[in-house]
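Next come two complexes built around chain A: one with chain B, the other with chain C.
What follows is the complex of A and B.
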């Protein structure tokens, strides 16, 4: 009897809770939102959509248009930064290469709101960089400043190029170098072989990264929230509609945003599937070309240092600001009064810990649920043989296509009254709605990581263990678990970290009792307590970095060993 | 078509010498093999000839042209990779046509030449098949077609058969040789399989740790290994350590375990090599002629000491086919016990233990001694005139 057989014996024990949770927290809220969007002032019909697409009041359409344009722009900008970086770090060897290539993923440790704040303090009209340049050159006004669409684009480019960088690097490592050599051998110039061989082989990675950046960007809330000014963005519009109590338009925009996201997902996925190549064994080892020549090396080193400075500036800014005494930084270019009080309160003020404790609690609870549901579903989808596997796969992945704003609105609509899924409780205004949102949002992360791990797990390994006399639990513990462990752990920690810094759903769902770190940062910011806000941001950054470093440490060795 | 000359070629990877001063010439139209265990530098040499890596010192010449630093894409060599390195996103046609595209050959001529190349390797009609859908053997032949369709000056083959199963390997091996002969292309073939090298090559360079240990025709390498390494690498030869003495005017090999082999008396000083077995071989004149343009490795195995074998520690190598099982207690035999018997169809392989010395013997399956079983007492006849004395 293998694990699957064990799992399915008392079938109901697994499928009923799984179905209950997926139905209750993913399907039912989404369906309810769709249903409610069809009522306008109690009247059934497409009135809401008529207003949305009304050519005479284009404000809603404008939001959609801007969201799509910024998303396309973000994809282009991220690709433009990430792909060349990946190519350079994979193909060339120069002093400091390994350090630079590791630092290139730094933006990923910045939770959404923190990154945006750093950009605000650095590059906005009153930001340090433009004003430093202004002072240095004696200009009348700052030479440039970030706001509006361009600011959003730049923040997206900075945080999202990492997807292109990571995907392309992985794909390049996966390409058999012998294939490139074959092209050279057959007379292809570097450019010709890049165009005809490398690029087509990178397509799946590019599609994957495009998808991720586009979705993240459509979904992006914090950058427009801080920088948009007069510009309208769909995700932001939903928030304002809800704030203004116009739930009918909030749900309508939610449906439009979901429809766009899901349509894009399916479109890209079809393309992705069509172009996937399994690479045969490696013919030759990957050799990096060493950059020789003194000037070339100097140039590479200098470019690397500039890159590191630009990449690290946001992190350093937040760190610097965390030492600023609240209320002292007003018109000066750089803050003048520094203090360690912001951290001192850590030990004196018991309320200081509350948001951190809240975030940790909610992240633990939601991630535990993600693991329970995500790993089980992944196992059933990958190794199971029952009908409806595809449906289960789709159900679990739906939240991936849903922006955070959408998830939040769905939950508000569904649980503003008692339902069987909440055992009759009204969840809006309670502690529980936010952890549920985290759970729903991050379920696909755990599910994807787990199903990838299960897919790599050769069935014959479990069979071999059984053949050697191991009971199914022993086989699971000694063979299956060590092999899938690193992958599952990586997904789990990523979900945990994302929950810690979550902002989008939080701003719509939090109550005072469960206010997470991100909301505390925002409220300090609103009171111009820049130092306190930054101190929270630094603590959040530290938490995220520690968890990610740990994840890297635990999964690296074992994951690679289990792959080879 | 090209003659290839390597001139004191060396390659270091991070101060680690992988190729240590190789000099040799591959004649125009020759099928030349680089043979050796993994890590001996054979693939590194091939990659320097292809231009994927550049030598630390020394030079590579095609005919009289120095190509040492010419980029790989301007060398006009056709290479078949160990894993074929087919472009996974292209069809069979697109793969084979790739080299013609880079050469800007017109479309009509391209399809013509691709069709001919595929016909040559027996894959006509599979043009539109995506490469991943082909079997291993078919992929191998696409790789071959892709390499020859560009009419290269030089065909480079990097262990092209190692991913095929045993039966297909022999078939493809012969196909490659046939194709090379038909097209008259110079070919350099890298392999670690001595049988493969023996079967297809005009000449073989046996490599060890970046050095060429012997360069000769297949039969010469097999029958007269120049040193212990080559003897051990070329198959399951008997290889015994001992000393060479002169007793009653005759050279005698004495193994530490008590095995004694009386060698034939040395001939006149005209004997070409130190090995007694060499004296028996009538060396064909044409071999000497083709070997003339080889820069032989100066490792001391060359015909330096043609006088009476010097006395001292040596190794004795003997092909298992040269030893014979017998019941007669005559001169030149030792007594022993059969330890293992392996039936091979045409032959039977025995391992005999003779007072602690393990002797490999191959008998014809139809012969009188073929039915001996493990545990049987036998005598082994070791003909001194077939023994090869190795000092290196």
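What follows is the complex of A and C.
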């Protein structure tokens, strides 16, 4: 069959645009970066890699080592917080359980840069908590302070345990309690049955969460940026190299970072593949055990309240900061002078709405593209029977492993000249590069959510509808769409929310016409207007909360299930 | 159950569509006005003020500005080389401009006041001109220290008394701190042509440094909240902080002089609005506005033709001996020095 004939086939209508976009915006930029990393002062070779791995100039290796260590640490810490929480909330019933379990996902509404700031004012050397303890105990110096790598780890633990919590809860809900009962009846201790029955069944959820946390942490920019002034991280190093005009080293580090992340992605997927356990269920409902005994109940309640306070503190700190007059809170434990000027100043600013509008625009455009491409790709991968299905799957998932800095650098390198993929336009400096970055970064979210939904969809349902006389569109509207809708919607909203607060790619790609919210906050910070920055952050928090509450309302928790 | 969900999905889609329409609907900008885009680290008080002033004088031009660090501007102009978005680059240490000029990122322009400038404040080929002199000084928290008890000169920063009391803006990402650190090396390099003595000095400073702050804001926070008591930063910035927010800062001008930075202005090569860019260039550097920047924002003019009586009194009283720096050699060497510092000195002292 010649090319013309291939293009005439109906499936070309789907495959050609899909291939064009995936090739143009994911494969081509990455390949170009790899190619550029092989040139040093115009000479082809491995000179850049020689410098990276040069023992006499350890800063690059140090960055890589720190990034990997912090990511491993973040995974362990997040698992340590998230998994027990999920177990407790799924297996035990106690007063306030449902409220606490809903509040446990609070950290997710805290946008990256803003969350880090809150931690700074809470736990750093001059933060509220160390100073309060110092004053209460009459100590000479603050009893502890959060700094450097520990601070980064703690911020990661706080924001990323949610992934483990969500994934594990969803998996636990899917386990048939009869399996556990069988193990107990056969004489297994509760630890033994947990280890040999529950844990293996949780493997896919754990792998999913581990991947997500590891990638997010390798990618983490704002926590190291704010907390670890001199501490080296690979993602930060890339930014600094580029800032100092060393593009060759910037792309080389980009390649190394991508290689590590992609290797980790495939290693985890293989591990997951070797440990698949299918379960046949009789459909018994999961029963939660009531905690009995006054003391146990009190303890559970108290622990719950402490948890809520700890989880809410960063949000409250931002709110507090937004009412503090700049320059009045220095050596005091708590701010002394409160004002609403910070908000007043924002609303008076004639350009105040622009960043919000820009972020909304870009989030809508990029998410719409994510849905179009992500859902199509998910459908093809799950339901299709063509060769190259695996390749398509891998292609769409690769951005999952690419940190935001990498996506940004790839796009800059690829589109600083006209290419067929941009119809000959130079995209650097234009409005479009940033939404494209959002699109690439968040494509896997929509794809994962949709493919989970498609996997749960039994083909015979649609067939039955068609046999009963429904047309294709009617069957799609009344049967398929309601079934996959919630899953797709959940992924869509998550992508949308993440795009609203995006920071990492934005800092490298924004231009005047698309200056997003995160850059406006950073700009206020640069000008020492902490109050205004916090006020703006509160608005962003509100925006994100509204979208997330909406998602929860519309999808009734399927958001969580379909992602794991 | 499943059928019930559909209207909700429809509703949600409708909400999304509405948001889009709303968002695009109020997408604005006045299509009739010409545009000039300014990249500048000067930030919120200065930029909006000059935007207003300029637009009042030229109502047919819309001034747009992006506020970012001077090193960020350089990086951005470099990234956008194929499709420049900025027209004017207002503010950065001369070292940044020298580098940008070498890379062909700037467009030559000879301002009307060019002759009022000493040769050291300008590029030979008119690619950038100096507008103000910025003096790095020793900053301190004045609740704990006074001008007498604070370090009075660079070498006093090395005194063990200040161990873990100095906070410094992480120098690698800052044009200002790069200039200061390289200036410390330059003191001995000028005669010996060997940076080792300077490296040794910086190692001892590193030993006294408690923390490297991510940006000037974090540095000021740490200083105000007494996480550190001493820092090195620009005099004009410190005066502005005290003036605007009442932060507890004061400063000492080092006795032996300082690596005084020349802050400049330039036109970006191949920009989209070169004519209005020139208009803006002249506007913010004319006599009246140079005086305004001197009185309101503590920026010491480079122009020699400003009447003394129009400048604030403190400027006349100020005496600083600028380091005798060959900026060409300095900016070439500075990269190597800072890379060495990052690899071999930081956190090792």
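Rule of thumb we're sticking to: the second predicted complex is superposed on the first by the 533 of 564 C-alpha atoms of A that agree within 3 Å, B and C clash if a C-alpha of one lies under 4 Å from a C-alpha of the other, contacts with A are read in each partner's own complex, and residues count from 1 in each chain.
As a working rule, a contact is a pair of C-beta atoms (placed from the backbone, for glycine too) under 8 Å apart; a residue touches a chain by one contact, two chains touch by 3 or more.
Owing to the predicted nature of the structure, the values given are computational and were not obtained by experimental measurement.
Annotation for the three-chain superposition on chain A: chain B and chain C fit side by side.
Applying the stated contact rule after C-alpha superposition, one finds that A:442 touches neither chain B nor chain C. When both complexes are overlaid on chain A, the residue A:126 reaches chain C alone and has no touch with chain B. In the superposition on chain A, A:176 makes contact with chain B only, while chain C stays out of contact range.
In the superposed model, A:315 makes contact with neither chain B nor chain C.
By the touch criterion stated above, A:417 is placed in contact with chain C alone, chain B being left untouched. Shared-chain residue A:97: touches no atom of chain B or chain C. In the overlay built on the shared chain, the residue A:196 is in contact with chain B alone; chain C does not reach it.
Legend: residue contacts after superposition of the two complexes on their common chain; A:244 is shown touching chain C, with no touch to chain B. Taking chain A as the reference, the larger set of touched residues comes from C, when chain B and chain C are compared. Following the chain A superposition, chain B and chain C show a smallest Cα-Cα distance of 25 angstrom. In the superposition on the C-alpha atoms of chain A, no part of chain A is touched by chain B in one complex and by chain C in the other.
Of all residues in chain A, those touching chain C in their complex are 56-59, 124-126, 147, 225-227, 229-230, 240, 242-245, 326-328, 330-331, 353, 357, 360-361, 364-365, 412, 416-417, 426-430, 477-479, 481-483, 485-486, 489, 511-512, 515, 523-530, 550, 554.
Put simply, chain A touches chain B in their complex at residues 176, 178-179, 181-189, 192, 196-197, 200-201, 203, 275, 277-284, 287. If you check the complex, the residues on chain C that touch chain A are 2-3, 5-6, 8-9, 11-12, 15-16, 19-20, 23-24, 26-27, 37, 43-45, 64, 66-69, 71-72, 74-75, 78-85, 99, 103, 143, 170, 172-173, 211-218, 220-222, 224-227, 241, 244-248, 335, 339, 342-343, 346-347.
Across the interface of their complex, chain A is touched by residues 47, 50-53, 71-79, 81-89, 98-99, 101-103, 132, 146-147, 150, 156, 158, 163 of chain B.
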